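Input: one structure, supplied below.
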Amino acid sequence: MNDNNNHNDKIIIKGLNFYYGSKQALYNVTIAVKENEVTALIGPSGCGKTTFLRCLNRMHDLYAGNRYEGEIILDNANILDKGLDLIKLRSKIGMVFQKPTPFPMSVFDNIAFGLKLNGISKKSELAALVEKALKDSALWDEIKDRLNESALSLSGGQQQRLCIARAIAVQPDVILMDEPCSALDPVATAKIEDMMTELKRNYTVVIVTHNMQQAARVSEWTGFFMMGEVKEFDKTQKIFTTPSNQMTEDYITGRFG
Amino acid sequence: MSKRYLMRRVFNCAALSGSLLCAVFGIFFLFWILKDVFSSGIGAMDMAFFTELPSPPGVAGGGLANAIWGTVLITGMATVIGVPAGILAGTYLSEYGRKKRFASVVRFLCDILVSAPSIVIGIFVYAVLVKPFKGFSAVAGALALAIIMLPVVVRTAEEMLKLVPDATREAALALGAPHWKVTLQVVYRGAFRGIITGVMLAVARISGETAPLLFTSFNNAFWNSNITEPTASLTVTIFNYAMGPYDDWHAKAWGGAFIITFTVLFINILSRLLLRGRTGS
Amino acid sequence: MMRILDRHKRDRFADFLFKGVSSFFALLIIVLMLFLFVVLAIESAPAIKAFGFKFIYSTDWNPVRASFGALPAIYGTIVLSAIAIVIAVPVSIGIAVFLTEMAPKKIRGPVGAAIELLASIPSIIYGMWGLFVFAPFLSAYVEPFLIENFGFLPLFRGTPLGIGMLPAGFILAIMIIPFISSVIRDVFLMVPPMLKESGYGMGATKFEVIWNIVIPFARSGIMGAVILGLGRALGETMAVTFMIGNSHDLSISLLDPATSISATLANEFTEAVDDIYLSGLVELGLILFAITFVVLALSKLMTMRFAPQKGRGKA
């Protein structure tokens, strides 16, 4: 923990417990997500990575019975506060899902959707911002002629990059990604990884991944989850070379049951 | 041993042929009915049928223009009342009330209402609209039909909205969209084709209804576009004409049956194709 | 910044409004159901007061003398529905078996669709076709045969008119077959494949698997489907009105003209001039509605557990 003073803490999670009804899924999670860096979350399936990620934009609030304890501090405010405006929170924190989630409308409208929410309605302004988002996500050249086609007609990889473009179009502070490449082929995966390096210049990224190499390639920080707890959280390089926890080592070397 | 085996094979064969016969039985009646409606009804199709008023009993010629118009008018009004109400209630069931007790009560009652006797709905509307205002009217007929289509629309709207993946809703919410915008601009858009199909089927169903119109919109031998007056409909006219003693009336009734049956059939087949096109893509 | 704040306030209000409006229309369904019962009860109060239970067991229906005994109509409704069920259920099970186990994949769709199209034909068309085509056919070929060979049973005495309880029941059967068979088909599809495979694994024939595994597994669903068909048959109006002959005389023979609740309503409601007559008819409607409500609720409860599980999955 030597050079972490380069970046500020963007999100500080303190003693977070989470319950699906009576079933506890997260235990006392305490980590800090650094600004403009990529934080990767790894761990065996079912260990609570998705659950944790969805706490950060309060997605769990959609379903009755879910409950949080602890604190998640974003820009000096606890986002778990009861009175918090979820709409405002979510426009600050973008999310990309495990499978592509194109809206049932044209490619253009998919990206314009979030922009319109933020009050942008002038045609020319929209067009410019859509183009910028598509260029930032390296999708422009591929689909600039298909902007009016249904987003559902794109390939899986293109759909996923469209979803990323849609998320960054509204210029959030943080982008959450839940195994964004798990449904994609290697070529599409490589394209998205390339994007990620670009993204962290302007955004704070938290990515859940199943793929250890991916975590090693794209992230500065890595958290290892197991059974709802964070067993180890440190610099990626440290985690992958000299982990301090035996379980982490077992997991990343593949000796895990 | 092998005799027993043979018996089992024979029995199996017989039973399975029986099931084939059952399917043939159903299809046989479908085509028998359609054939007669077609052959007896096609003869009545001429210009006058669509443009002229009924001629007096026994006098040849004339048409059912007023009844055709009446059916369109009443069905149209019913659709205007029933569809928005049904879609909104379906929206509640799919978007707000998935695990709520209140929603399952609504679902339960809808499923009962779908199969409830339509003539009882006619009596109900008679009691609340016809009797107090002392007169049959197109509005009363439309209200009865709207009540009949309501549960159909509610349930199909719910089903179709539920086909939109939750991940899509979450993705829109994650962009900071408010719930109502997600529903209106994303969920409805995804379910559009399915809902339209459901509405078409509901319209087809009510346009063939007779019983609830008998004592609500009643009948009228003339043109009527005043929605507070008794209004002819194709189905009630078919009923009166078919039960009447004149051959000419019977021919007209078959003509009406032809129009209703094939319109309803066409809509049904069309909506099937529409839905299939969707799952195919 | 001001603009953003405004938007959030507006959005919250719009959210509230939209949820409110859609909840209102959902509530409307419940209110409507309540209203149906209440209004029918109020309107039939005079008749209930005047005739009491006699309304249900008296056989004398004579509007001129203001005597209203609904037994013939109630009896007709029940017998008619029973006939329809007896015919429709085996055929529907056969169709469901055909569609799920027998038919090659390619023809399942078209055959299933054709059966379902039977349900889309309006009731009045069945009635008219029945009266003009099917009744003459029955009276020329089928009923003389029945009378000659089974005339020793009181059920099959009378003149071969082609209309009456049996013809109406038969038409009704065709009308409810699509409803029953489609529910049974859905229920059959819910039988776990492993269960069937374990039957085949023991060397059972297709029929034996269906008879010993599929049908027992689906029993309560089949019952639910049958009861749904019953609910449909009880309230069916126009086809019955054409085919039943509209006679308030009670007769044991299934070939004699009879009446049902729905047919009585369709024929007499607009002719009822005095209040007590009208009230009596509404009471008939109330009885019909109450019976079908109970029957349909039962059916729903029985098929509920076979509903495809549409649990809400997470992203």
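Just so it is clear, A, B and C label the chains in written order, and each chain counts residues from 1 on its own.
The criterion applied here is as follows: a residue touches a chain if its C-beta (ideal position, glycine included) is under 8 Å from a C-beta of that chain, and two chains touch if they have at least 3 such contacts.
On a predicted model such as this, the values are computed, not experimentally measured, just so you know.
**Q** If each chain is a node and each touching pair an edge, is that a line, ring, star, complete or other?
**A** Graph shape, chains as nodes and touching pairs as edges: complete.
**Q** If you count the contact pairs for each chain pair, which pair has the most?
**A** B-C
**Q** Quick check on this structure: which chain has its C-alpha centroid closest to the centroid of all protein C-alpha atoms?
**A** B
**Q** Centroid of chain B to centroid of chain C, CA atoms only: how many Å?
**A** 16
**Q** Distance-wise, how many Å sit between the C-alpha centres of chain A and chain B, to the nearest whole number?
**A** It comes to 48 Å between the two C-alpha centres.
**Q** So, what's the distance in Å between the C-alpha centres of chain C and chain A?
**A** 53
**Q** Touching two or more other chains, which residues of chain A qualify?
**A** Residues 59, 87-88, 97, 99, 101, 118 of chain A each touch two or more of the other chains.
**Q** Provide the list of chain B residues touching at least two other chains, using ranges where the numbers run on.
**A** Answer for chain B, listing residues that touch two or more other chains: 99, 167, 170, 178, 181.
**Q** Which residues belonging to chain C are in contact with no fewer than two other chains?
**A** Answer for chain C, listing residues that touch two or more other chains: 11-12, 312, 314-315.
**Q** Chain B touches which residues of chain C in the complex?
**A** So the residues of chain C touching chain B come out as 11-12, 14-15, 17-19, 21-30, 32-33, 35-36, 39-40, 42-43, 90-95, 97-99, 101-103, 111, 113-115, 117-118, 120-129, 131-133, 174, 177-179, 181, 205-208, 210-211, 228, 231-232, 234-238, 241-242, 262, 265-266, 269-270, 281-282, 285, 288-289, 292-293, 296-297, 300, 310, 312-315.
**Q** Which of the residues in chain B come into contact with chain A in the complex?
**A** 99, 164-165, 167-178, 181, 185-186, 189-190, 192, 281
**Q** Touching chain C in the complex: which residues of chain A?
**A** Those in contact with chain C are residues 50, 59, 63, 85, 87-88, 97-99, 101, 118-119, 178.
**Q** Spell out the residues on chain B that touch chain C in their complex, using ranges where they run on.
**A** Interface residues on chain B, with respect to chain C: 8-9, 11-12, 15-16, 18-23, 25-27, 29-30, 32-33, 36-37, 40, 85-86, 88-89, 91-93, 95-99, 102-103, 105-106, 108-113, 115-124, 126-128, 147, 150-151, 154, 162, 166-167, 170, 178-181, 183-184, 204-205, 208-211, 214-215, 218, 235, 238-239, 242-243, 250, 253-254, 257, 260-261, 264-265, 268-269, 272.
**Q** Which bits of chain C are touching chain A when the two form their complex?
**A** The touching residues are 3-4, 7-8, 11-12, 312, 314-315.
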